[in-house]
Amino acid sequence: MSTSVEAPAIPGMPAGKVGVWWFLASEIMMFGGLIASYMVFRLGSSGWHEASAHVSVALGAVNTLILLTSSLTVVQAFAAAERENAPALRLFLGLTILGGLGFLGIKAIEYTTEIRAGFTPGAGIFWSFYYTMTGLHALHVLAGIVLNAILFLAARVRTPRRVELAGLYWHFVDVVWIFLFPLLYLS
Amino acid sequence: MLNWMQWLPENVSTFGGDVDGVIRTIWYVTVAWFFITLGTLAAFLILYRRRAGRRAAYVKGERLREAAWVLVPVVVVVILDLWLDLLGAPVWAKVKIERPATDLTIQVTGKQFEWEVLYPGPDGKFGTADDRQLLDELHVPVGKPVHIIFKAKDVIHSFFLPNFRLKQDMVPGRTIEGWFEATKPGKYELPCAELCGFGHSGMKGWLYVHPPAEYEQWVKEQWPLA
Amino acid sequence: MNQARAGTITAEAVEHHAARGFWRTYVFSTDHKMIAKQYLTLGLAWTFVGGLLAAVMRWQLAWPDTAVPGWGEIGPEVYNMLVTMHGTIMVFFVAMPILLGAFGNFLIPLMIGTRDMAFPRLNMLSVWTFALASLVLFVSFFVPGGAASAGWTGYPPLSARPAYTGVNWGLNLWILAQALEFAAFLMGGVNYLTTAIILRAPGMTFLRVPMVVWQQITAAALFLLSVGPLIAGAVMLLLDRTIGTSFYAPEVGGDPLLWQHLFWFFGHPEVYVVLLPALGAVLEVLPVFSRKPLFGYRWIVGATIVAGGLSFIVWAHHMFISGMDPRLAMPFSITTILISVPFAYIVFAMIATLWRGSIRFATPMLFALGFLAMFIMGGLTGIFNGSAPSDIYVSRTYFVVAHFHYTLFSAVFFGGFAGFYFWFPKMFGRILSEPLGKLHFWLTLVFFNVTFFPLHHIGLAGMVRRIANPLQYEALVPYQWINVVSTVGTFCMVATQLVFALNVVWSLVAGRRAPTNPWEANTLEWAAPSPPPHLNWGPALPTVYCGPYEYSLPEAREDYLPQNLDPARAR
Amino acid sequence: MESGRRHPNYVKIWVWLLGLMAAGLVATLTPGGHAIGIIVIFATATAKALLVALNYMHLRFEPRLICVIALVPVVFALILAIALFPDFVFRR
């Protein structure tokens, strides 16, 4: 029987980060389930390529560019927060929020054109998946914007930890889009 | 009451005996395990009940030598399970994967809340003028494999012939194939086994198994011109 | 909060935290113990509803042509609603809040020696989200068309189009209530895992963490990792119902079987989400009342994690005859066998724990043993379902109903009561009556078997599930007496619970005050006062010196060695 | 002291991400060999995701337990996807 009394805490693992990663784990499973369903449906039946030809690759590519760049700005915001550089923190958080809003704006334009052309969610199985996947993702972007906006307004408090956690979530949303873009637009 | 095998309805299909064989083997194995484990449990409870002046043994069961007392039964369980599975594999294949050749194919479509039974008629092809559709009744000859094409119109139904040990869900959008061969003439109940809406309870049909001559007679009545 | 998390706090801080008003103490509390009690209350309230639905169902099955007293005639639509809501309530609104919500919240911080959860406010949000889910589910009974009636598994297309069931809003609210419930337990799960990883007391290494905490966090991890695909599936289902997408509509490219895959990908881990906490409670009770170390603690920890991992690759054994490719049956049959390895290990280790013990038959121990016996029964009948060819016959029949009531009901009832009787003194500071507890146990055990054992037989005789009137089937008419027996058993079992209610109420009002460690147990919660104050410990956190099951250590004076007791002082 | 190690050159990563994105877009233009295009597209997507996860999400610098938390769901999601194949893609 060992009776040692070492401290069990694990260095470098603040509670917030562990919690956020567990949350992201369940998010990975949710989008994973959705993407898995999409892949097997798509490979198991025909007519998908024709349907997906109607989405705008150009707008999708612009949105990808925006999200990749916003990932850069949000991680720079974290670096700025660690340097306790408040103006830089506000600048980068602001840019991230702008990026998110721009993404949603372009998404709205896409939805509008598609629905005008008759491609509603009920227009077929591709469109069912298209609206559900991008819609769920857009909701996540919206949540990320709200999170970053809260940090932006509270930037005086300068809590690098929170900026990092919100950033983790934002990067995750970015990673989801990195896969949604080729799945829905490019293939 | 205690012998579960007696509760199964009479088996009248060729593969039903195989299914029952698997159930029976599992029954023997599980009854044995039930008495062994619960017997051991009861014995321990009596032997090691609290008695004045006796202290429990300090056994942690972490070393392999101790854990072996548990590991060995576990290995036995696994071997028995694997054996049951290997025993079941050919039966599953026989019922669900392979299909003996035959010239009688019937399409059964589940819909809320009846079975549409479609016969291809003398030409043996579906979608021709001599197809004939019956509601909630199937007629088959004894001693001849029958292919069934399972379809569903609205929701999921489940085609269940208790006497044949045959059950198959019917899924809208999927065409599922199955078969059976009756060994005894008679009239057998055909309930729906999957919740399919408010008419699920009472959704049932009848399967009539005819002796060959009687079946020929029935065919003549259905298709008098052929 | 930060202050509370820090190991050492001043006595004044404890006082300060303790002095709060009524609302912050009983309603909007962030105290894990109060949140546990809130979960317990909600779960018990739902037990009442779920039990009522079961009783009405059983009456209908035994005497289908007579009106149910106090309810009236049961039409088939209403019967389907009863079936659906009974299943949903019992799994998601009884088993999970009581076994995870109440036990997990109460035990994890106490047993690992910390002051509260890692995120106390998230914890409060969790219970309030669950309350909202409860409200939505309750309201769904009263909307036009009634509550959901597509089965607790909600298979589309039946659930995907209102026209098929005649239920529109009831089913939408059912999906919404489930989503809120999932959100509540996601928050809870994140909290459990983070707390157990980060906030363990000094000396509380992972391999000194009590079994029930291991089981709770494994359950939480299983839930977190399995629920995602079902949430995706539920979103698809809701969109199919409301805005006309076609995920489950075969005529426009969908496939109804997708739901079954996603549902059971969640569904099988979910079974363990419910089972593991109960198993954990029993694993705590057994060593305490046999005064012996748990047999092979590390092996059981390993077996639990292995079982959790394997539970993700067995789901299609729920779908052998669902119309999926029949060639999938054998691979999933094999994985199902693999998963019996860790569970067989745990069950045999439980029996081995009794070997050469000094067994005291207190009420918690009786319920733990009842769980063990009934769970063995349920595990064995599972083999009939797990073997693909025999499942052709027994699936969709009452045999399955009997099987999962022997596993799930025994987990929730016997496992849950074992834990409840065991931790009640700690939770409420009172001792329950032993004679009443024993009466409760024996009556429950007898009537449980009267209720569910005959269901195996009628299932084998060919009675399919979810039918409102067995007399519509000629083959079942001679066996109707079995339904009557089972129904009588149900009513007796429900009546038996009055003994339990009486015991609890009587103890709370006039029961003996509980000492700190009434069962002479080792784990840390018994080092805190009964009931533990806000923030659990005095100014300093307990220090842990040894594993949780050091009973009857030869060199120790007493036959137990609390984890926080310096072994040098125990000799 | 840690901060230098914890902050890789984010802009360089970003340039890589843009390059990979451009490569993926160019791959859609490949005439004829659609399969090769698909492979390139998803390879670049995976590379992008890894770059973001390792650098921006700092998985390179996290303790092993956090990497495990991140990796386990990916494995389970893959298992789900693979297990769905026989029933939806290769079904008879």
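To keep things simple, chains are lettered A, B, C and D as they appear, and every chain counts its residues starting from 1.
By definition in this document, contacts are C-beta pairs under 8 Å (C-beta built on N, C-alpha and C of every residue); 3 or more make two chains touch, one makes a residue touch a chain.
These figures come from a predicted structure and were not determined experimentally.
When C-beta pairs in contact are tallied for each pair of chains, B-C comes out on top. In terms of their C-alpha centroids, the spacing between subunit A and subunit D amounts to 14 Å. Centre to centre, using the average C-alpha position, subunit C and subunit D are separated by 37 Å. In terms of their C-alpha centroids, the spacing between subunit A and subunit C amounts to 34 Å.
As a whole-number value, the distance joining the C-alpha centres of subunit A and subunit B reads 47 Å.
Under the contact definition stated at the top, the residues of subunit C that touch 2 or more other chains are 197, 225-226, 228-229, 254-255, 257-258, 265, 327, 553. The set of subunit D residues that touch two or more partner chains comprises 65, 72-73, 76-77, 80, 84, 87-88, 91. In subunit A, 10, 13, 18, 22, 25-26, 28-29, 32-33, 36-37, 41 are the positions where the chain touches two or more neighbouring chains simultaneously. Chain pairs that touch one another are A-C, A-D, B-C, C-D. Against subunit D, the residues of subunit A that register as touching in their complex are 10-13, 17-18, 21-22, 24-26, 28-29, 32-33, 35-37, 39-41, 43-44, 57, 61, 64-65, 68-69, 71-72, 74-76, 79, 82-83, 167-168, 171-172, 174-175, 178-179, 181-182, 186-187.
The residues of subunit B lying in touch with subunit C in their complex are 1, 4, 7-9, 18-19, 22-23, 26, 29-30, 33-34, 37-38, 40-41, 44-45, 48-51, 54-62, 66-67, 69-71, 73-74, 77-78, 81-82, 84-85, 88-89, 91-92, 95-97, 112, 150, 154-156, 158, 160, 162, 165-174, 176, 189, 191-202, 204.
Of all residues in subunit D, only 3, 7, 10-11, 13-14, 17-18, 21, 24-25, 27-28, 38, 41-42, 45, 48-49, 52-53, 56-57, 62-63, 65-66, 69-70, 72-74, 76-78, 80-81, 84-85, 87-89, 91 touch subunit A in the complex they form. Listed in rising order, the residues of subunit A touching subunit C in the complex are 1-10, 13-15, 18-19, 22-23, 25-34, 36-37, 41, 45, 47, 120-122, 124-125, 127-129, 131-132, 136. Those residues of subunit C whose C-beta lies close enough to touch subunit D in the complex are 197, 225-226, 228-229, 255, 257-258, 261, 265, 312-313, 316, 324-325, 327-328.
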